[in-house]
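Both of the next two complexes hold subunit A, though its partner changes from subunit B to subunit C.
Moving on, here comes the complex of A and B:
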């Protein structure tokens, strides 16, 4: 019993250290956003102020970068979710001896440093647009969307693959037997089944795009996103306005996380209700068959 | 020397690869001898077209061609635009030669600065991977095998939350803590331990702490996913047979979680070696890290071919690391990329 409680104390200590390391820096940064001192600090607290938030929102570059980041994030979601889905559906259909080769190619962006993806995207599109005379495509936002999507599509492909593994082929066969075309099966059976994965990969794609720096800093060319503006500001010097931005981002994402969790729970509950109803119907049917055979 | 007009050839490569795929598919059908449904029949024409277009665009225009172009560029000399494609545009090794022997700041025979930064980056990234493994393993084990589902859900939320704040802000938080008028220096000076602030940023303590922090989530998730699939009965059985706790970890859990450990280490290594935000924000004026040097090839030296060569060197290093981990753990790529 005593060794058990020693173990519990050790576990508690370890958890405290771990989560202290995880949250400590963020809490310190959060507090410094409300302190009046011009250098971001927690101690001593010189006074409470919201002026850093004001300063942040009147920073034109920052607001412009934020809008650009949201715009890019939207396009990345629209591009990488369909690409990821196609990549995952293709996986089982590629000639089996070429499958590992295909797999290496589509998974490689996950294992490639983001900075290299950014560089190679710029090098390729600069050459391509120069030689084909389509210089208007050599645009920071366009290149950033492509560069980010090359690895974000791989993330969403991995999510779709794990969901597709649980797909019951019998559902597809049933649809076909009942006279549906392959296209109808795709839209009315497969896509509804994949809905949770579509939702999660869209959320993941947006967040990865929004916070990306390594790929973006090259691919964005002369344009700006929130992260590149931020990197410039941080290099110039430390001001509590940057802490204020962190506080805003944390507030938005925590709200987002809570909404995500609620939606997920709601869906789980609905699924459970449907399952229960199905079980009940099945039981009643069995019961009636049993009754019929008993009476016969 | 070859004149560098390799672009048509590069464009031809994916076409050849696709042709090879198509031939193999044809061949497979013939060999099977059975009337198999074709790709279009199996998916329905609209969906089949969508699959082919999407995968081809992604694989060729977003993954393969950009990398090939970058590698090709790394073998070209730096020329003003007007001379590109001209008689001076010959393939050359000069960019790689520069990495090993060149220097603009000293007369030494070897490019010590870049080589030192490169090896330090590799070494520190390996350390970051090991440190993250040591710190994350107990928590991953606790979540996967000991804790109740409700608590696991809560812990997962707690773990993900900090990683929604972007990399630059996370690095900035460490800057607040470590800078000369930062929290730690204020505290130890107030306590009278030192009378001069310690230069945590100049001697890279801030950088290494920030890197150790930045990618912990990848490690936790890889480990958690792997350990979670271990049947708890195996641990119970070992315990009943009298195995001490460290035997259970060394001979049951860790061998079982090998793919997860490999993928966690690979990801942390790759992300650390390729990280740009932490060195930019937390590096001192004399800090050595490879990515800022690479960045400067593009934005200060304006020498794109040389930058491409440096990027290719970094890419090769990461590929070698992945292969090494796979070989050491006797794994295949499918097992670690999950």
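Moving on, here comes the complex of A and C:
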């Protein structure tokens, strides 16, 4: 056996281990969700069943937690994306020397442990609502949205910042020069340019909110989200119903990823066609100039 | 008639750096006016001040007689063509051209009519639905011009818009720009560091250096009658010999230089003892030995260019002297290293303060 094929075998082995490490738990989850055994297991397969999905959907706590998580996720997106955008735009406005200081301040929530954010959110709002007599604001969902948004908006700000760095300021000046107001420039030129970043930071914000536990477990108070319900369940011992939930989440994620990839490929192809058209126009242009000089 | 643009004692400072120093200038209605100078000479700053993106530190800009103080770029009757064109990549060609009308609230039907008219002007009639990415360099250029003309500006400002194009297209676009300007009659203010562009397109040129204007005049003036040593050296090729004026008579000045004592036209009436540079254009330098002023040296290079040949001589202080010779005379240029003699008549040389 040549050294080259030894290398290939080793590489294949490494890849197998690597993907096994990544996807092994998911595969076990996936298979156990359809196995009739009452404890999640892959082997032996005692029989095929969809009853765990039934069980999951009739689990009122679980369904309630899921609804709450989706609701919170939506509000976190609606709050964090505009906040992140505003924060990123501020970055370009603040005086040069203040910039790094500003950056540290707005990014610090990302570096703060989630537990601290959770506890301090609770303490702050308990005191505030008590002293101002607005106890109705001391609500688990409300606090969770605020607590999560405090660091998720910083994530989204970082994404907007990297997109804004690629923005050509001449575009903005061109808009102004043609008579647009600052507001028109924002809506007609800057916002369309930021659309990909808006989309990706919305997805990221939603996912970070949906899977968050550390901050949520405190901020949610007596209420529940999917993560807190799950944490409680797993403590009592896991069931294949949880595997069924995992299968559903994996299915949604994979479908989303595939759709995204298809759309992206379609756009890449469109873009390539446009660039080809430009090259063709370029050649024709030079050709016609040459012809014109020859005939002159 | 009021000037299209009047620059009145304009000074622009960035911190301690003065980009534009006390510039005063009047640009006429319908004129193709160029600012020519090396990078960092302040020409772009003047353009940005006229368009309203830069506030003057001192001085006044008037457009059509009206003081522009406190009037933002979106309120001024100017349109700017950016160096990188700054077309909106997410809009179609037609949307780009119609953008200025759209933000002014012009109804869609009128807007479309105007856009069609302009697409016609730039020979892109049926291509309004294309994306900017699909266009060639020259087409993008024309879309940028149409977008600027759509808002019917009194003054069109152009910031080296041809610099990104390749040579052949650039030369072609010069003619096209000039033709468009003649057709629409709008005042064009053009910024460039390329003297060829400035000379071929402009009615008048302001040559700038280090924040001030060295000379204003038409192309011929600036090339043939430079007022300063900077203009003589920057516009076109030139041979310069620096020394001291030793004699002044009959409109001529005698300058003693490292390569010998030469006479030239004393345009700036320099006095004896003044430091001066005597300039001789390569095409006025002769190789056949005719002329009162003689330079000896060694042949260095003969660059054949078809109609003309550039002969380079290494003079005794090892500086290069260039003569551009037309026709067959150049064939007599000896091999490199052999001694040669250049000469020029005094009336062809210009003496300017060094």
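We adopt the following convention: the second predicted complex is superposed on the first by the 253 of 296 C-alpha atoms of A that agree within 3 Å, B and C clash if a C-alpha of one lies under 4 Å from a C-alpha of the other, contacts with A are read in each partner's own complex, and residues count from 1 in each chain.
FYI, contacts are C-beta pairs under 8 Å (C-beta built on N, C-alpha and C of every residue); 3 or more make two chains touch, one makes a residue touch a chain.
Note that the structure is a prediction, hence the values are computed from the model and not measured.
By the document's definition of touching, neither partner reaches A:164: not subunit B, not subunit C. Once the two complexes are laid over each other on the shared chain, residue contacts for A:189 go to subunit C alone; subunit B is not touched. Residue contacts after overlaying the shared chain place A:181 against subunit B and subunit C alike. By the touch criterion defined above, A:221 lies against neither subunit B nor subunit C after alignment on the C-alpha atoms of chain A.
Looking at the shared chain after the overlay, A:282 reaches subunit C, while subunit B stays out of its contact range. In the overlay built on the shared chain, the residue A:63 is in contact with neither subunit B nor subunit C. Within the superposed three-chain model, A:203 lies out of touch with both subunit B and subunit C [touch as defined at top]. More residues of subunit A are touched by B (comparison of subunit B with subunit C). Of the two partner chains, neither subunit B nor subunit C is touched by A:248. Residue overlap on subunit A between the subunit B contacts of one complex and the subunit C contacts of the other covers 181.
The part of subunit C that touches subunit A in the complex is made up of residues 51, 53, 72-75, 78-80, 82-84, 86-88, 90, 99-100, 103-104, 130-131, 133-139, 147-148, 151, 168-169, 172. Only residues 11, 14-15, 18-19, 21-23, 25-26, 28-29, 32, 39-43, 82-83, 85-87, 89-90, 93-98, 100, 102-117, 119-121, 123-125, 127, 131, 146, 149-150, 153, 158, 162, 181-183, 185-186, 207, 210-214, 217-218, 227, 230-231, 234-235, 238, 242-243, 245-246, 249-250, 253-254, 257, 261 of subunit A touch subunit B when the two sit together in their complex. By the touch criterion given at the top, residues 7, 20-21, 24-25, 28, 39, 41-47, 50-51, 54-55, 57-59, 61-67, 69-70, 73, 135, 138-139, 142, 157-162, 164-177, 179, 181-183, 186-187, 213, 216, 266-267, 270-271, 273-277, 280-281, 291, 294-295, 298, 304, 307-308, 311, 314-315, 318-319, 322, 332-334, 337-338 of subunit B touch subunit A in their complex. Here subunit A touches subunit C in the complex through residues 168, 170-171, 173-181, 184, 188-189, 192-193, 271, 274-275, 277-278, 281-282, 284-286, 289-290, 292, going by the rule given at the top.
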